[in-house]
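Take a look at the structure below.
As written, the chain order gives the labels A, B, C, D, E, F, G and H, with residue 1 at the start of each chain.
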């Protein structure tokens, strides 16, 4: 608890934000900024604060192109993935992305790719070796069965699907590795913006499947990385 | 419309029920009685009326054992399936159950069998050849793939599943035949008594899948029979 | 299962999509593209791949006019139905649209017509004889009763309705043929974008009615075609 | 407002209940007691208070048989309808039940009858001429069309239905009189204890249909009576 | 039933619409057109058909200004209420709007007025004497109590409220007349676009209150008129 | 933060429970035990631990009679309110229940009394002067208006109501004091076990109304006490 | 009740609004105008009426910049907070903002600040001393623990959070003062526009936490002020 | 894919069940039986089949005591945990439960312990070293902070909580290890049997938290074990 107490001094008070420079110490990666609902000025100020105090990779998730362009003026090493809606700084040269601990990102359809890219880019920036396999949903099961070798090589699997989200259950039954299921808002009508896929994944008949929020590619990427680095102390 | 008008005379008014003896003429099978919420006396009176005016098979769905025993005293040829919760009269000797037009009833798990039995018995009483294949859910896809020949032989397929209901999508992708999906209330927590499976099936990424109410084995059996008899006029 | 294994080689990997050329073999119609959430470039690439490998009719559902115009530049035989939001290629000269196996598309109101056109065009492209009857909802039951002859001639009926969706139950009680009910998002307030009609149809007191997703005219068209072609092997 | 102020003195304070003897003056019928959640002792005390201060008919709705038997000991003119779950006192000899202002109670099925009986008994005790017509749901539309004369004679119509509740829309389209729709909890699965019927009735495509709470036969009976007595001052 | 059959001939088939000229005969007012989801051309064609075959007042509800201007070119006696979003033709000179049968339209707040105007204009066009009283919600109960005389004079009361919709219960307790409650989508957060008010009104502790769809001023106006004309045959 | 750290030593670890003896220091009242889901043995052990270490009043909420009788054997000064489902120890002789800071507990109906008693007893044990006024719902507004003096005397008001919960809004508009609204599960059908009242109260048009969980009389009692003791340091 | 009656004369009838000049007498602050859904002209007329009859501070909540600019022309002392979406008149020179009765406004994140500003400005205009502390959510608990002194000094605490809203429970456990929790619509996917935070706060395991509507900073500010002024009569 | 094909032969067809002896090969642990909805006879037959073909530990989850006693007669080495509702066979002597890869099971309250025990026992039977820490919810944050050392030692953390489920977010912010959140149905009213906790956990502001179904202790135990064994191939 003294440790917690000491962390207080690592918080920088910007008035509208308490920037947590302790995050990197506690969790091995700097604080990530959730950009939605923040003004351009607020976002820039927080990123500048993090940029100055850390040498690690940085992420501002759910950022608009407009926010990016505003940030870029003051922080010229910022990069942007329009598909993943992510501003990022890829500057940590110390990452060792070990292919023997591969994270596999799968999608059921092409329309799920933006969420997948958010997951892929996050896991990459957190220092992992990532591979992907998009559009292999269960309506044509042979498409999936053609990827069995890839599935077998993975250490952690992220399965991203909208509509009925059945891919998570099928993959969960094919692997002994942990599966992180990400429901997406792809679909219409009774998909209810991802609720159908969310419920489907929560009720997966395959054990060992857990779920993150709808469209939460970022969270899946972080969790995959955390799992991938479990046991590393040994 | 004269035809409709003439049907009026085939309705028998019991006060608490308008027994529709015209159903057999219009739809080829006598009126089916929904037993839930009816007193034993009401149920018996309706069945006696149908029994007297038709020689066809009769069905009282969602009937309790208690209701059955009361009915049996007056109508000794009544039979009861406890699993399917169905009172029935299997007395139509004219049925030709053509194996080349096979209806296949599949379930994802063992716990879905009561709903499956309701579907199976209904389709049988409507005069169809029915086969079944239980507990072949997607968590072990090889269990399903081992049934490909059976799936290929079917003319219509009824897929019954609770939890995430993924079986409907996978089967829907494997066959060119119509698939009737029946969500069941098997599951717990966020299965919400079958809502998860219902939404999953409504959003199936495989085209050609349609859905009936949660636990509605009876409706699936009727529809499968109607589909199976389509084109018979030719 | 060897059959399934062999299908793998018919999948074309575009990176963002696994185009399934096996669909036509398994299901008798080429893979259909769900256009929502795809970029123009992705859509075109998939359609070109399908166009090159098959001579059948092709469908890209839920496509915008913008997507169509982009596709048209490279694939000049593409057509577009703005009402049905569908890009299609009507080039299969071998279709025999048998009027004795008529699919009937009905709507409760005029506002439901776009969904109906999606169903109608799909069933047509799948090689069926289709007729339609729009705006015959139950608030004036004589409008429906005036169509009894049409209903009687149909082999399969698709009933499309928003608001309270009562038309499905009434039609379901008038016919011995299978009824596919399509709830639409037409309505306001407690229609909840089609939930009221969806629940209504799932609880239809007429047996033999099944339901597809809200506004899913495409799925209804495919299913109607699959039902219509059941028993054709005989 | 002086009038309101003067009503205060007509309230009898029992501690656990404020018995409103002013109700009869304001609304023409003594206060009705909602029995669910009240102890037998509370219910009896309230009824004794009303019984002593009024000569009108009295109603305790949603009462158990157990509550009735306890009440009966002290108030021997109490009566009980088990079907309608209602304790009542039918002692107003001044009622003129005018057949030319007939209230018609209709149900879609036999299982809806308990709710209908609550409506019927309520409207009767409020001094109306009531007729009924049970089990005429839309799955066999000729059953309903056979009742057109009855529908035409009604001054107000109460339509009671569970499952998809389509009867309200069809009757609403057949009459120029006001229709009160009562959804019931009859059904299973996606009927969600009456939600499907409730939504269906709220979205009725027939204008002039309004809705009361699920299973609220009592409320429908009161409203039908209020409508029936509108214009009586002229 | 012969009557129903004869109505068929009064239906005009426009292809996209079955215009029901029988409505005026059955219900005393020409068919009303729901404009949402219809093209300008469809709307005009339907209105022209009704305009030609009837001399009564006409209503096209939920119409945009754009639709109105298109209609106006061909039907110069069309009028438009932007607040009520209604195109109408006020041409029936035979209406006797009897002040002794007054319909009262009340709202809880100023923001509910558009729905109220739809109800008011509808009831007016149906030939009723209508008065209104806006912004008398329960947060300042003296505002409501100041309107007691008005409430007492009414024959039917329409109560329109968003947020928690409590006004319906309070008015329901003050009057012996029927109350039609209209929930509106006014509010935010947990009002869920009118669901809070809808549920509140359905559960009103005052008997004699019924409910129509969220924002359905039109339906409330029609029902109020139907109630107001009940008993007129005597 | 040293303060927080020091509190750790005041936690007693029973294995299945971490009894928080620091609660009394931080919040002025010993930890309250939520009894639902605990075994009799667990409940007793926790109460014994609290009983030994504090001289204050103690509360075990949502306790069954069975749990009480088990506790009573070892802790003979335990008391039980069956209505409030509460085991309690009323032993703090130092309470000064100041009538000039009166907490008023109101209910809309008689059936809401159990929740009210939980609130009343809680506030009493926390050392407040409490008065109550039950069954003064809005359907007869004169019942409420007859209590204006009582309302005016209150320092904090707890309003408890099921069904449509309108009482909270009306009271909120009558007082300048804070109102705590407690929705109850009293009602049926579309009350959805208290959801209707909950939403109604959250959307109250009267400002200054806040809401606790459905049936949470205990929470309302604690909050009323906390509010009542605000400013006491002055 | 004479008092209530006398208030009627303080209502100014603008036709579209009943302006309640009695509010200031009953509740100590002039009526507040909810601007959403009102036209510019309506809003101005109401504000002019209030402005003329009171010398207190005035608030028009949920106002657009457009509405403000229209108001400003006629009422040049109007001010506007774009963040809080509030038009206000800060002209009451008699307010004594007592720092010993401090209201603390806390947010979990930066994106919650607009709601917080609405609460802060409201409480300020109602005459309170307000302090704030933004972006101290629980994901880094040391940020919160660094604010313990501030929390301890507060008389009432408003906790504003979106996503999972956990901050309310943690703060509720740290203080003996009342906590008003405000869920915000910040989040995505299964936050369902604030439902997740709302439910979380309603189920807080810390007693003494109550909840207002999603994004209802205004209501929280009023309630905090009402609580803060409780006991002032002593 | 040949591998998949070969697995087919490892399926034992019991008619009502397809026992999957391949599970152990694919996933390292025999098939687990979901007991709910199965008859005693079905459960026994499946367990006997698994018992005969494997030497590993066996689990039948969600089993009643009644089912256990029936199983015990034929399989005398069966054990039963009433708290975890689990029949199990603890016979694998080869497990090495490595304390340096500790799985920590935490609960917010005492009432959550049954779910925790299901998770704990599952993870133990899968061959892991498991520790636990119960009743350390956030309402008294010092209880949690007193467990920081334990949290720091864990390799994977399972957080189990009902009500508002805030513990998952707080723990997620304190650790760099993966957190599996299990919502429980503990609570009442607006906890909606675990929905509040489920939504809360899905929206956790701490990244690296994933969620399983409500009350799914078993799934959490399996997933924790899978994560714990990730990287073991190195």
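Heads up, the rule we're going with is that contacts are C-beta pairs under 8 Å (C-beta built on N, C-alpha and C of every residue); 3 or more make two chains touch, one makes a residue touch a chain.
Here the structure is a predicted model, which is why all the values come from computation and not from measurement.
The minimal number of chain-to-chain contact steps leading from subunit B to subunit H is 1.
When every chain is reduced to the mean of its CA atoms, the largest separation from subunit B belongs to G. Simply put, subunit D must spin 180° to overlay its Cα atoms on subunit H, rounded in steps of 5. Comparing contact pairs by residue number, the interface of B-H is reproduced by E-G among A-H, E-G or A-B, since over half of the pairs coincide. If you average the Cα atoms of subunit B and of subunit F, the two centres end up 51 Å apart. Each chain gets one centre point, the mean of its Cα atoms, and the points for subunit G and subunit H are 45 Å apart. With centres taken as mean Cα positions, subunit C sits 36 Å from subunit A.
Contact of a single residue of subunit G with at least two other chains is seen at positions 1, 4-5, 8, 26, 109, 140-141, 145-146, 174, 189-191, 195, 198, 202-203, 207, 213.
Note for the complex: subunit H touches subunit A at residues 1, 3-4, 26-28, 32, 100-101, 145-146, 148, 155-156, 174-178, 180, 198, 202-203, 207-213, 218-220, 222-223, 226-234. Against subunit F, in their complex, subunit H makes its touches with residues 109-113, 134-136, 140-143, 145-146, 186, 188-191.
Subunit D makes touch with subunit F in their complex at residues 4-5, 7-8, 11, 15-18, 20, 22-23, 31, 34, 36-38, 42, 46, 62, 183, 185, 193-195, 198, 213-216.
Across the interface of their complex, subunit C is touched by residues 108-109, 137-141, 145, 163-166, 169-170, 172-174, 187, 189-192, 195-197, 199-206 of subunit D.
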